[in-house]
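Pasting a structure below so you can have a look.
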Amino acid sequence: MSQFQGTPGSPVDPAVARRANRLMIAVLAVVAALLVVRAWVGTEVGSGADAQVVHGYGMVFVEAKGAGHVQVPAAEWAKAVAADPAQQRVTVSGPRTVGVWAAALMTLAVLSFLWRDNPVYKLAESVVVGVSAGYVMSTAVWSSLVDQVFGKLAPGFTKAYLSPGLTTTEADWWALVPLGLGMLLLCRLSARLSWVGMFPLAFVVGVFSGWRFVQYVESDLLAQVATMFDPLYVTGPTAAATVGGTLCAVLVLVGVLSVLAYFFFSLEHKGPVGGAARVGIWYLMITFGASFGFTVMGRIALLAARCEFLFDDWLWLIDPAGKH
Amino acid sequence: MASHGGTPSAFARLDRIDRRWIFLAMFVAVAAPILWVGVTGKTFPEAPTPAVQGAFDAVESLPSGARVLVSMDFDPASAGELQPMATAIVRHCVLRGHSICAMTLWPAGGPIIDGTMQDVLGDRPDWTYGERWVNLGYRAGFEGVMKQMNSRVSLAYATDVRQTPLAEIPMLKGITGIADFDLLVSISAGYAGAKEWVQYSVSPTLTGAKPLKFVAGSTGVQTPQLIPYYPNQMAGILGAIKGAAEYEYLVNEAVLKADPAAVVPPRFQEAQRRMAPQLFGHVLMVALIVLGNVVFFGLRGRESRA
Amino acid sequence: MLADAALPAEKAWFAADKLPLLAALAVVVAAVLGSIALARGGRPIRIRRLAGLDAVEEAVGRATEMGRPVLFVPGIQDMDNIMTVAGVTILGHVAKVAAEYDAEIEVPTSRSIVMTAARDTVQAAYLAAGRPDSYNADRIYYVTDDQFAYVAATSGMMARKKPAACFYFGCFFAESLILAENGNAVGAIQVAGTAETAQLPFFVAACDYTLIGEEFFAASAYLSGEPDQVGTLLGQDVVKAIVWITGLAAAALGTLAALQGPDGALRPFVSAVRAAMGGGA
Amino acid sequence: MSRSIAVLVAGIAAVVMVLSKFIVPLESAETTVAEWFNAAAAIAFVLGGASLLKMNLLTISARGPGWGYAAVTLVAFLITLGVGLLKVGVPPSAAFPDHRMGGTPDAEGGALWWIYEYLMSPITGTLFAMLAFYVASAAFRAFRAKNAAAVFLLVTAFVVLLGRTYAGVFVTSWIPSDVPWVSWLRLENLSAVIMSVFTTAGTRAMIIGIAIGVAATGIKIMIGLDRSYLGAGSGGGNG
């Protein structure tokens, strides 16, 4: 189902939709042809006498170092080749170059949803769901379970096969408690046994709400109320600074009190409470406006990062960070 | 919606515009400046806001050799906004001679620590691992990790990521609880992150003998929610990519002030470069809202007249 | 282990610097429990009018007039999220109004358990309105757990059925924008309620009425009619009133101390109280 | 019966955690509980993986709609989990060069790192970047100045959007920056004032209100009035 095509404001007329699709394909074909031409011409890397021409996109160069490889700019490769054309120290990394291509294609696959819902987008989405879950699970096992649970229950085995840096040598049977909690939690997967999972859940919820109860009051109630001791009269180096500082201090206090008044629910918004609540709503609107601006700022920053990846790492159109 | 007579009015046509044109406009507004900046390398000057200056001063004012705990509480989904902050703050710490202890509360934060440290320390072989910096990696448990670290860091982390027991790491000598660090930094994309650090680790120390100094870098979405904690519960906030750009600018200015002949590597100007696509994106957003309202009220005016 | 040895041998068993915190916790506990007891004792507790709730009737009425359905989205989270619970409570109210007006109500959900809960709630509302026959369980259905797939399907449905009233009550993330945009495009009256702070600005800008944060929970507590919930609401108001008065007094003291200058008699007192509350010197 | 026991467990756990804040000898109880809590959090991730496995297997075996995609998810999950648990391709750690499992599972060069760097990062990053497009479209079609409140909101948004880029400096550069009585009107300064005065005040009041709400919920869990947590599991969504 192409949901977004069905929304009002989209070309519902099939002829228009067909024309739009044809246009899209034509644009993509032109872009692809331009890229092929540019690959054929090649890109110069390195400078001066070391300069080399490479044909292709998304290439990653690595230098052998110690047990592994580290990524180096293409210019390093150009220098190495200029010094010794047969060198094997700096080379194109197959897996990483394939990786950049995979990343670029996946980026485009997700972006293709903007045109309309399609199988390529769904494929990328399915991949990321599986990959993220697998990644998080293996990270949780290695970083928390191995040391904190296995290492305590079977230190000898864990040290020999899993975690050579382990220092504990004697089993700590208290570690059975979290293991048991975890096992009970896993019972939630079974329809018949899911009630057993209620106990670890109750434990976690209880601990968590105890902590939250104390910390919210300490940090967000008490310490925040303490800021209201800020004097309303602020002296600055100039008359303007004094007036400005004082005005700001007054406005902050008025704002906190009036927004609080807006959130009184057992009092009808009439009389002075109503007046305060009306001021409160203006403060809330300004707060939301600023929040709106900041959120938009964040969204655009993320898009910029993806564009930079496509233009820099993949297509080598720009090189602001000196990667090639 | 409403079109009167045979040909729809300009308003009605605009109102029914295919939203993909708007998508295209946004793409161009962001992509074109990136290409332009990528080719010319130009950036805008930044004027630091007080919260960013506060963060900078917090790092700057520590005596050289201070120990800073940096928690990189984000994953690649938010790296576009937060990576430049992480790089800039870590770089500033290294320039000032502070030792860095890195950790993360997000499962996908591990490689981010590696990447950041490699970026900053690539040309600083003198910054030996264990002596000047250490990577504790990820630990599951969110606030639970904070609670443990408040009393003893070694409760949460038995070893660092390189399997060295904490007691054998030189730079952590004398560190028991989190308050023994001279500064806590959290680069945070949400839960668990800066807000929880304030609540669980910073605020409890405020009534004690040694309050823990705290600086946060935060995504645009989260920043407004952290503002009330400044300056009482945190020394500074880097808000969104603009905060990162200001911080980068401050660090680079400090480098140039110390040595006017120094060349700032372009990889340390990432956020400043991003302010160009940001500028055009924001202007487009304002224009779209204004245009949308013109169309809306234009159509409404016609309807009421008709 | 090493750290324990380093600690002083004679350790106080009570954390003295946390005394103000303990007092604050005691005040909150007393206010909340006292108010719940009051509400259980049968004392009627009034809740102020909420514009967003008043708008429900207007919006449903308009949908009936236009012969178009009412859409209700209870967020995209499961029933363990308090916002979803509050959303489903409000759904009960919306469904009751819809039953009285004989308007069709459409509830796509993103979790299967939310669907079950929503069906129970809506059925009970139709029964309470005296129209059990008009209840149609098929109109309350599970779409998919996946966020964007859910919003895509719901948007498509909105474009086809053109609801005249759209209600968004629950926990929302990025889909808030897309839903509100599509509702706007079909010309619906939109009422939203969430405590998800990052989405509130978008709802306020795109909807006709929005229940903001606590207002949303207050609406749900009010509609539930449970004394425990209404009592908690009153308890929270009591704490807020205490904060209000404390804040005003603090500002007065702080200003006086500042006016007295650096050697003023008030200054040490203000600094000490402030520091004890965790507000620095 | 079992529900009552669960409610009791939650209540006792909460009360002990509150007391440990004040009673110093209870501090070690708190860190021990924190350790259990953290292990439970780690196991919750395992639970997440297992439930993903179960759901997708069910879809595939029933040949439900989109079972092909479920198969893709399943394969991606199993491959990632496999290379992660076995540390495929991970360079050994410097301290234990002979130990196969000595390296970090997501160290550069390993298979898990490759998946992270070239599949997970770009896809999650782009999924979030899509929001820039949605917000642009909504800006044109949904953000209407319908009432005074919305006007206030949108005008503030404009000031912040422009003031936080060079556009603000450019548009109001004609306002003298050295006359303090007017310099605050420059967009970049105005947006700073909005943050330090209005956002501070508005958000402070909101977080005070939220703190009171959280405290009230905590009290209800401690005395067993709130049992909603005995409901069902949950998922997440893109912010």
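Going in written order, the chains are labelled A, B, C and D, and every chain counts its residues from 1.
Rule of thumb we're sticking to: a residue touches a chain if its C-beta (ideal position, glycine included) is under 8 Å from a C-beta of that chain, and two chains touch if they have at least 3 such contacts.
This one's a predicted model, so the numbers in the text were calculated from it and none came from an experiment.
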- Query: Which chain lies the greatest distance away from chain D when centres are computed from Cα atoms alone?
  - Reply: C
- Note on the structure: Contact-count maximum falls on chain pair A-D
- Query: If you average all the Cα positions, which chain's own average lands nearest?
  - Reply: D
- Provide the C-alpha centroid distance between chain B and chain C, rounded to the nearest whole angstrom. 29
- Task: List the centre-to-centre spacing of chain B and chain D in whole Å, with centres computed as mean CA coordinates.
- Result: 15
- Query: Distance-wise, how many Å sit between the C-alpha centres of chain A and chain D, to the nearest whole number?
  - Reply: 9
- Inter-chain centre distance, chain C versus chain D - centres from mean C-alpha coordinates, in Å: 19
- Multi-partner residues of chain C (at least 2 other chains): 18, 20-21, 25, 28, 148, 185, 197-198, 201-202, 204-205, 213-214, 240, 243, 277-280
- Message: Can you list every residue of chain A that touches 2 or more other chains, as numbers and ranges?
- Response: 4, 7-9, 113-114, 125, 132, 135-136, 139-140, 143-144, 148, 163-165, 208, 211, 213-214, 216-221, 223-227, 253, 256-257, 260, 263, 284-285, 287-292, 294-297, 299-300, 302-303, 305-306
- Query: Touching two or more other chains, which residues of chain D qualify?
  - Reply: 18, 21, 35, 37-39, 41-42, 45, 93, 95-96, 102, 106-108, 116-117, 120-121, 124-125, 127-129, 131-133, 135, 137, 141-144, 149-150, 153-154, 157-158, 161, 164, 195-196, 199-200, 203-204, 206-210, 212, 215, 217, 219, 229, 233, 238-239
- Query: For chain C, which residues count as touching chain B in their complex?
  - Reply: 2-3, 6, 17-18, 20-21, 187, 197-198, 275-280
- What residues of chain B sit close enough to touch chain C in their complex? 1, 152, 167, 176-177, 203, 206-208, 211, 221-222, 224-225, 232-233
- Message: Which stretch or stretches of chain C touch chain D in the complex?
- Response: 11-15, 18, 21-22, 25, 28-29, 32-33, 36, 76-82, 85, 111, 113, 145, 147-148, 173-175, 177-178, 180-181, 183-185, 195, 197-198, 201-202, 204-206, 208, 213-214, 217, 228, 232, 235-236, 239-240, 243
- Using the touch rule from the top, collect the residues of chain A that touch chain C in their complex. 1, 3-4, 6-9, 113, 117, 125, 213-214, 217-219, 221-223, 225-234, 253, 256-257, 260-261, 263-269, 284-285, 288-289, 291-292, 295
- Message: Using the touch definition from the top, list the residues of chain C that touch chain A in their complex.
- Response: 20-21, 24-25, 28, 45-49, 146, 148, 152-153, 155-156, 158-160, 182, 185-186, 197-198, 200-202, 204-205, 212-215, 218, 222, 233-234, 237, 240-241, 243-244, 246-248, 250-251, 253-255, 257-259, 270, 273-274, 277-280
